[in-house]
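Quick heads-up: structures coming right below.
Presented sequentially are two complexes of chain A, the first with chain B as partner and the second with chain C.
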Partner chain A sequence: MEVVAFRMGIFRNTLCTLGLGIIVFIALMGLLAPIIAGDPYKTNMSERLKPPSLKHLFGTDQLGRDVYSRIVWGARTTLLVALTISIISMTVGCLLGAIAGYFGGIVDDVIGRIIDTFLAIPELVFNIALVGIFCVAYGTSIWNVILAVVVTNWVSYARVMRSIVLSLKEREFVICEKALGAGDWYILLRHVIPNALGPIIVLATLNMGNVIMTISSLGFLGLGVQPPTPEWGQMINAGKNYITTAPWLTFFPGLFIALSVLGFNLLGEGLQEVIGRKRLVE
Partner chain B sequence: MLRGVGLRKVFKTGLFGGKRIVAVDGVSIEIEEGETVALVGESGSGKSTLGRILLMLIRPDEGKVFFDGIDLTKLRGKELKRVRIKMQLIPQNPEEALDPRWRIYDSIAEPLRIHKLVDKSEEEDRILELVKAVGLKEEHLTRYPWQLSGGELQRAVIARALALNPRFIVCDEPTSMLDLSTQASIVRLLMKFQKMFGISYLFITHDLELAKVVADRILIMRSGKIVARRVESPS
Partner chain C sequence: MLTRREFVKLVALGSASLLLGCAKKETPIPTETPVETVTPTKYKAEFVLGYGRDHRLKGGKWGIGFFPKIHVLERLVEYDLKNDEYIPCLAKRWEIEKDGKIITFELNKGIKFSDGTELKADAVKFTVEWLAKNHPLGQETFESAEVVEDYTVSIKYKEEGFFNLAKMAEFHMSIMSPKSVKPEGDPKGNFVWPIGSGCFKAVDYKEEQYAIYEPNPYWFERFGLKPKFKRFVVKFIKDEDTRVMALKGGQVDAISDFIHGGSDYTPRNQLSVLEGMGFKVFKRNIPLTWIIAFNYKKDPFNDVKLRKAVDLAINRDDVIKIFDKQVLPAKTLFIEDAPGIKEAKAQGVIYEFKPDEAKRIVEENGYKGLSVDMIVDKNQSDQILVAQLIQQKLKDIGINVKLEVLETGAYRQRRDAGEYDMRLYYIGGTDRRFYLRMFWRFYPGQKWSAYVSDRTGELCKKILKEFDEKKRKQYLVEFYKAIHDEHGVVPLYFDIMTAVTAKNVVADYYHIFHYPNGIPFGEPLFYYVGVRA
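Showing the complex of A and B:
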């Protein structure tokens, strides 16, 4: 019942439908990459820097690789990395935020100060520094990027979760649970966190856009996913030397970064409207 | 049966806890088996806080709460959980008292599950019995809280509180959010269960007339202190 009404709400909302459409489109690109695209690694020196044509939809790069194939495979890289980052930072952030809000006292003070400290440092600068440190310490790996972004990204989840839990724990049904004899962890996991998930889902969707931007920025700076693995930010970096002679090298990856960020932002905004309206109806 | 002695609770608010609000100020209270004590006072007089202290939902800064001679303020964790079976809370706003994401059935079954009081096979019988006793229909069980009216919700809340066969219930303004006709039926329901099971009530209300009807004794509270006590003659 509830789920059906919620689904109808999503599709009746233009922002949601549009955002979801874009995301599904890009996700399908990544999913179907082996079928709809060619080999993103195959170089062809006789066809370097060719403009878009029927044979090469988005043209070819300085090594004669098909830009279309690299974009399609890049969707897979970007989405997988962004999803991993989101899931890890959501789990960590939500748990810490919920614990801080629910138990209060010293626990809240400690977690709260950690959150404040992380908020005080500019995110991208911190990410760059962390990737650098991880690279020196553990060698280059995709996990460097994931870990570095998670370290700055969990904070927003923790902060939002903490404030939701603070208001939830004063609600009468939570106080009733205590009177029934339920333990703190039981209440937190079965009642408080499930009731906080609405706003968290909105945050996660909006946050996916940010994460994609961060991954691409790191890629552009040469700190993200390493070549030859196709990744949009890194493709822009490689193409920037040819920006006047072969603009398609930078245009198409840029377009897809913008499109996917737009998709997640639209869906997030739309969900916010749908969830907000659902509250009012109840 | 239940006795609170010299209870005191101070809330600290404001920056660095600079502002102090004395919610309950040295209150002693006694409730006998099968008795209804009404606690009357204006909002902010500390009556809800006192009710929650007696249930150990808020720990008092000073004073002790005895239940059957056991000092509850000394209990922690498992021991406190065992005592909680015997005392329950019916809160003010029935629309807030049940988890909005849970079906009525699961909400009523929850206390039984938490304390592992009945087997899975007996659970359904017990719940149907409870639901009948409070005057709800079976079809209400599969619904969510927002699909029920205030009166129906309050009945579900009462069913949940009764599931554990408690001996003491704090009713924190159980009728103030309901319309007049529903109020009467909820009060009648509470009185019926008192006769059936010999439950003691602490009936918190701001309505003196209602207190006169339901209570054996009335305590009047103002700014954290009990300022008047009177015994109602049985009507």
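Showing the complex of A and C:
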């Protein structure tokens, strides 16, 4: 695997290395949360709104909770939710995009118009409306956020996948497969989709940053993960009233949102460069 | 001829006179009244207030908004909470007959509506009849009204009791001109525009955007005051943080809490910050207490022992820290000014923090590890913090609380359907609503109830019926004791009513929370503020 990675030039690409480093750092932070951080829910009213110190690295919040612990545990929430959204969106989007591109005709028309409809609605506004509806219908749950973001997020995957499949289906290997009597679904799942994964991985990486921003925005608006579960966007929302008196409440969650988005964007850009170079070589 | 000695004397006298004369020009004689050299303060023509609720000047299910009910209309009586006494306002005296089934009010003469017409008994009769036809509270309260003389009106109520008089100080019972509806004076008429005798007259309104008022000259004349602005613009800014930002940014001259109490208020934890920035914060204690309300008819909170454990687990001194100690810890059911509270406190009716005892009760009764849910209204950011603190306090005694922060609509749905174990709620209100909220929260069979048992329900009935102040106080003390013994609700903190003004706004506490004749108001009034030019 490492050889493959080297062959692809991931570790030789500065952007990739930097992005991957940031992501690994944040992921490790989330994974090791029980070891490296304390209880993110423990309130201590005699310690409220304390500035960063050796005892509380990132200070404490309005309920005397350790902001560092909440940031570390918040990494788990943010990354897990973002990853779940990306995987579901990617699966749904790629499948629909591939079907539209491969089969064409009325199937393409229907899926194409659905994609156009979704693209016409501002994403965040639609997310807000959907979370609101889901909350009223099903009560508060993290799945409301996941579902609401997936509803808008699959579209970009479908659009890219469709255009890739449109070009791939005219390639010799597909024509050969057809000549050998292979079925459409077999060709699609076995040959076309795997060959389209390169750009999709780049898109998924770049999209992770976008998803993190969406989750944080929803959290900031009070529509995302519900308190007291630590989540970065929601932490900024809770701290905004104290921005002049206790800026650490908004600074650190903001910093980690920025870092994680930066990490995924750098990795995505880097992968784009690496894949582009590989294609040129090929 | 003058001698040398006489000449010297004359010169000395002249010099002294000259010196004195010059000195007189420089220093005024202390016995004289100093000449006023201070130029009078110049005020801007407009005063702009940021407010969280639409004023509904064209009417709604509950009539016009609470704010214009206080600022445009007036009531027959007002309530003095400290003395538990109803005091004259539009009415100068009243007579109670048949245990309160009939109350005859004699009106003050010479009071004018903002359109210049005189407020007489026919306006009171019209208001009562209009409310009886159109308003839920009027429908359950009034039977009829009769004009006895030009300035005397007799109101017949559906039930007897002291509560009838108490209701007359309520927002909704404010007196309006018969010209406020079309056809004029028709109790079945459609409400078109509020015309009242209060300090302002409504002149313009755009739903969910603004309301514009002008000083009512007849009201100012009645109290011998001169308004300091010509236009009073109220901008509706729903979001609490945006209201604060508007004040900081100078888009509004002041912000105020929704005068109903309990929602759309300036975040309490912002008050210290605003004070630190030089804004003037006017705050008044009101008999509004935030509580934990239980779903006490359902398992597990139908067990008084569990309710007691929750009660003892709450450290109210910690709760008020969330609000930068701008509010007071609720160690009694209401603030000390509320009737009967001091007496109840003297009898030991105090809510205490005893976590060890709470833990013991939980363990002894097999509640350790119990999971319950608590619903919170998302639009009240302060309450979300309070709920998180309660969650932690209950975790410390072995009860797991699942918080559900809901949109207002969803919250109300769950509340009304009884789908919750605990929720944050409030009892009481501004002073005038003390008895009305007692009815809504503790009287048997009410929609917005907080807690009712056979004992508390009976006592509530007695309180609202009893005209005799001493007996009423005695029932109140018994009622507080019963709620405490049954741990029906868990008081958390006493809320306040606030108004925050910019540095260039001339305002004082007395005029913000009193009528010019000294009647105390729980709601901030803006008749005597001015914005320095």
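Here is the rule we use: the second predicted complex is superposed on the first by the 275 of 282 C-alpha atoms of A that agree within 3 Å, B and C clash if a C-alpha of one lies under 4 Å from a C-alpha of the other, contacts with A are read in each partner's own complex, and residues count from 1 in each chain.
Keep this in mind: a residue touches a chain if its C-beta (ideal position, glycine included) is under 8 Å from a C-beta of that chain, and two chains touch if they have at least 3 such contacts.
Note that the structure is predicted; figures quoted are calculated from it, not measured.
By the touch criterion defined above, A:R171 reaches chain B but does not reach chain C. In the superposition on chain A, A:A179 makes contact with chain B only, while chain C stays out of contact range. By the document's definition of touching, neither partner reaches A:T84: not chain B, not chain C.
Residue contacts after overlaying the shared chain place A:H191 against chain B, while chain C stays out of touching range.
Judged by the touch definition given at the top, the superposed model places A:T17 against neither chain B nor chain C.
In the superposition on chain A, contact is made by A:K240 with chain C only, not with chain B. If you check the complex, the residues on chain A that touch chain C are 41-43, 45, 48, 62-63, 132, 135-136, 139-140, 222, 226-228, 238, 240-242, 244-245. Against chain A, in their complex, chain C makes its touches with residues 241, 267, 269-270, 273, 315, 318, 321-322, 378, 381, 384-385, 387-389, 391-392, 395, 403-407, 409-410, 413. Interface residues of chain A, counted against chain B in their complex, comprise 1-2, 171-173, 175-183, 186, 191, 194-195, 282.
For chain B in complex with chain A, the touching residues are 52, 55, 57, 81, 84-85, 87-89, 91-93, 96-101, 110-111, 114-115, 144, 146, 157, 160, 164.
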